[in-house]
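Working notes, structure below.
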Amino acid sequence: MIRRVPWALIVLVAAFLVPAVGSRYYTFLANDIVIWALFATSLNLLVGYTGLVSFGHAAYFGIGAYTTGVLMKKIGVPFLLAFPAAGLFAALAALVFGSFCVRLTRIYFAMLTLAFAQIVWAICFKWNEVTGGEQGMPEIPYPDFAWLEAAGQWLPLVGGWRTAEYFYFTSLAIVAACLWCLRRIVASPFGRMLTAIRENPERAEFIGVNVRRYELAAFVLAGAFAGLAGGLFGIFNRGVFPDFAYWSKSAEVLIMTLLGGIHTFFGPSVGAAVLILLNQQIVSYTQYWPLILGTILVVLLFAFPGGIAGTLAAAFVRLTRRLARA
Amino acid sequence: MLEVSGLAKSFGGFKAVDDVSFDVPRGAIAAIIGPNGAGKTTLFNLVTGHLRADAGRVVLKGRDVTGIAPHDLCRLGVGRSFQRQNIFPRLSVFENVQAAFVSHRGRGWSRFGRADRLYCEETSALLHAVGLDEKAGEIAGLLSHGGQKQLELGIALALEPEILLLDEPTAGMSAGETREAIALIARLARERNLTLLFTEHDMQVVFSIAQRITVLHQGRVIAAGAPEAVRRDPEVRRVYLGERN
Amino acid sequence: MPDLSFVFAQALSGLTAAMFLFLIASGLSLIFGVLRVLNFAHGTFYMLGAYAAWQLVQWLGAGGGSFWLAVLGAAAAVAVLGGLVERFLLRHLYAKDELYQLLFTYALVLVLSDVAKILWGTQQKGVARPPGLEGATSLFGATIPYYNLFIVALGLAIAVAFWYVLQRTRAGRLIRAAALDRETLGALGVNVGALYTGVFVLGSFLGGLGGALVTPVRTIVPGMDTEIIVEAFVVVVIGGLGSFWGTFLGALIYGQVLAFGILFFPRFSIFAVFALMAAVLIIRPWGLLGRPLK
């Protein structure tokens, strides 16, 4: 019975209500969470569903952010074009990088994804003409929301919000759509083949699965969605900076994914929410957030390998079994 | 059906498989036997494309398939089970076989639709045929050894093969389990008109159902033919009796 | 055409950097070769070695031998820390997926680097060169600090000593055997657990030693750990994960690429380093002198 409750829908509706009931700060946090949720879920397509651990996923996040940033700020392309371009460029990069990466296994795969991400970072860091170099590109313009304001004249609830809030609604809608897509993908036959690869690549080969091709496809999809998340983040963050592609970003999103649980679909989203909220809370008390994060991670690794969602899911399963027997 | 000629593979200086040739006619039940380390699994890996041969050819139904990638080979009607447990451990028994159907029937790239609703009837039927229908919902990795072997058979059969390559199908089984497993395999081979090639080092099993036997020792073929002839071959007796001491 | 003394100075600068990196990367490579764990925290051990050396110098005063005592003390302290971490924490993760071990070492980075901030603050620190090695000499028209020459010599000496230990002593044979096939080793009655701890301690010692020795040359500052670990990764990848001479070779190559890269392609030197790493992984994943993993 617990499973039939449409949790995802409830959370979505609640998320839409945040600007109405909460302060600007809460909208800001919610926007942050929503974007990172997409980023983390895209990574989980690789880690949790295909069994490929990437240390360089932030490369595609960064590429997406810079693509949208450059297009919107330097060339004045509207959001409607600049945003999908983020996903497209990130996907192209993932195609090129991925075709080399999937030839390797395990630690070598991880190292190569890291190397490519650092290359992306180095380019962003040094290519002053295009990317603004070390300073990055501050002040990416918000998309033009005038049409929404206009629509708000005769549609209820649509008018009268601040730009940041319009952007939050946009992010939320986009991320919800992307997560819906990803959900469909992992439940599809293609997704099942990815899971087979994760479980036993050799066996998967011998049921007709061209493992390399599937892994590349997963890599490209994951990169595309990470790029879309990056595109949103560049605008949200009011600026695009080289550290978007730095390996510590990759580590951050990997931790979020693990924290939430790599074996459930919404685990990484949960991890994103928990980590961001925790970060905000703790940073107000102490500057030693890494210490806290590291400790949490250690506790997680030793005591709760399934992550939050995994542990909760297991607890639910036990609970429902007990209820069923009663 | 399957013709192997001159297959060879070396690892460093060690000749694992040395100029091996044999053929398996359609509908036959053939076995490759030999003591441990004789190169049986390596030979299988060469035939199925998991390893690249240094020399030799593999011809399937008149078509040269030497070195073809495993994922292409299994679409040509070859099914295989592995010596080590080779299933999808965290998926359920049902999902294991279902995945094989999904891949084999060409739906593996479809990003629409739900994987768990495809080929349910076929999967159930197959699970029934291999005797695992009661365990359909269980997690594959938690099955008993014998159960996992049955599952492997199910996965291989889901590929609708014409020839089945079984690598030590009764490894690690008790005498009773072995009898059951062999009976199941023989029955399925009859029902589905399968050609069967398997490796074993349990002699009783081999002599009970095999029609043609190839004996491997240190990577080379030392005898081949009908069971009775092989049983009486002095070289074979030396190798096996020598081994037992 | 840059003049010879300039080229020589750059080459030697690259060589010095390479020796430091070799010291640190060899610990990383050793730990990976035997334990199959890529220790992200190795850079943090390096940093802790630097801070510990600074601290010991503060306590011991500026006397003659205090620098050397501080260096050894710092390296030893880091080694002990490594041993404790391996024995009581890391060990419990061996049975689990590699990812867990990697993330654990990353968690260590987070925790230990903040501990360093708590203990020593964020101000830059430095240590004076030890008496006897201050000053510089002139070689081929370039000014070469004595300390740098010392480091190059020390690096070579340690490389040779290391090689000797690995090839000629029983401990070394055990280490090499464990790198090849640890299961068999366990079956032969060797206490693999103690071996692992020992290797981790040795690797950490090398990392801490590197950190302690670098204090007169580089400022001690938070963030030096993440900077060095990426460099160490590049070195072991180029040379070959788990290969001793590979690490040496990788460090040499890296040092020269960086030294001359900065000269000729200043904007692309960091790019070049990672491009080199990627190229090695693509063409020959197990590095120049490494062996394919099982």
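Just so it is clear, A, B and C label the chains in written order, and each chain counts residues from 1 on its own.
Here is the rule we use: contacts are C-beta pairs under 8 Å (C-beta built on N, C-alpha and C of every residue); 3 or more make two chains touch, one makes a residue touch a chain.
It should be emphasised that the depicted structure is a prediction, and the values quoted were computed from it without experimental measurement.
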Centrality ranking, top chain (CA atoms only): A
Label of the chain whose CA centroid is most distant from the centroid of chain A: B
Averaged-CA centre spacing for the pair chain B and chain A, given as whole angstrom: 43
Interchain centroid distance [CA atoms averaged], chain B/chain C, Å: 49
Cα-centroid distance, chain A relative to chain C, in whole angstrom: 34
For the chain A and chain C complex, residues of the former touching the latter: 47, 53, 100, 103-104, 106-108, 110-112, 114-116, 118-119, 122-123, 125-126, 247-248, 251, 254-255, 258, 288, 290-291, 293-295, 297-298, 301-302, 305
Chain B to chain A touching residues, read off their complex: 48, 50, 69-71, 74-75, 80, 82, 86-91, 95, 98-100, 102-104, 107-116, 118, 155, 158-159
Contacting residues of chain C [partner chain A, same complex]: 38, 89, 92-93, 96, 98-100, 102-104, 106-111, 113-115, 117-118, 226, 230, 233, 237, 241, 267-268, 270-271, 274-275, 277-278, 281-282, 285-286, 293
Residue ranges of chain A in contact with chain B within the complex: 184-185, 187-193, 195-196, 199-200, 202-211, 214
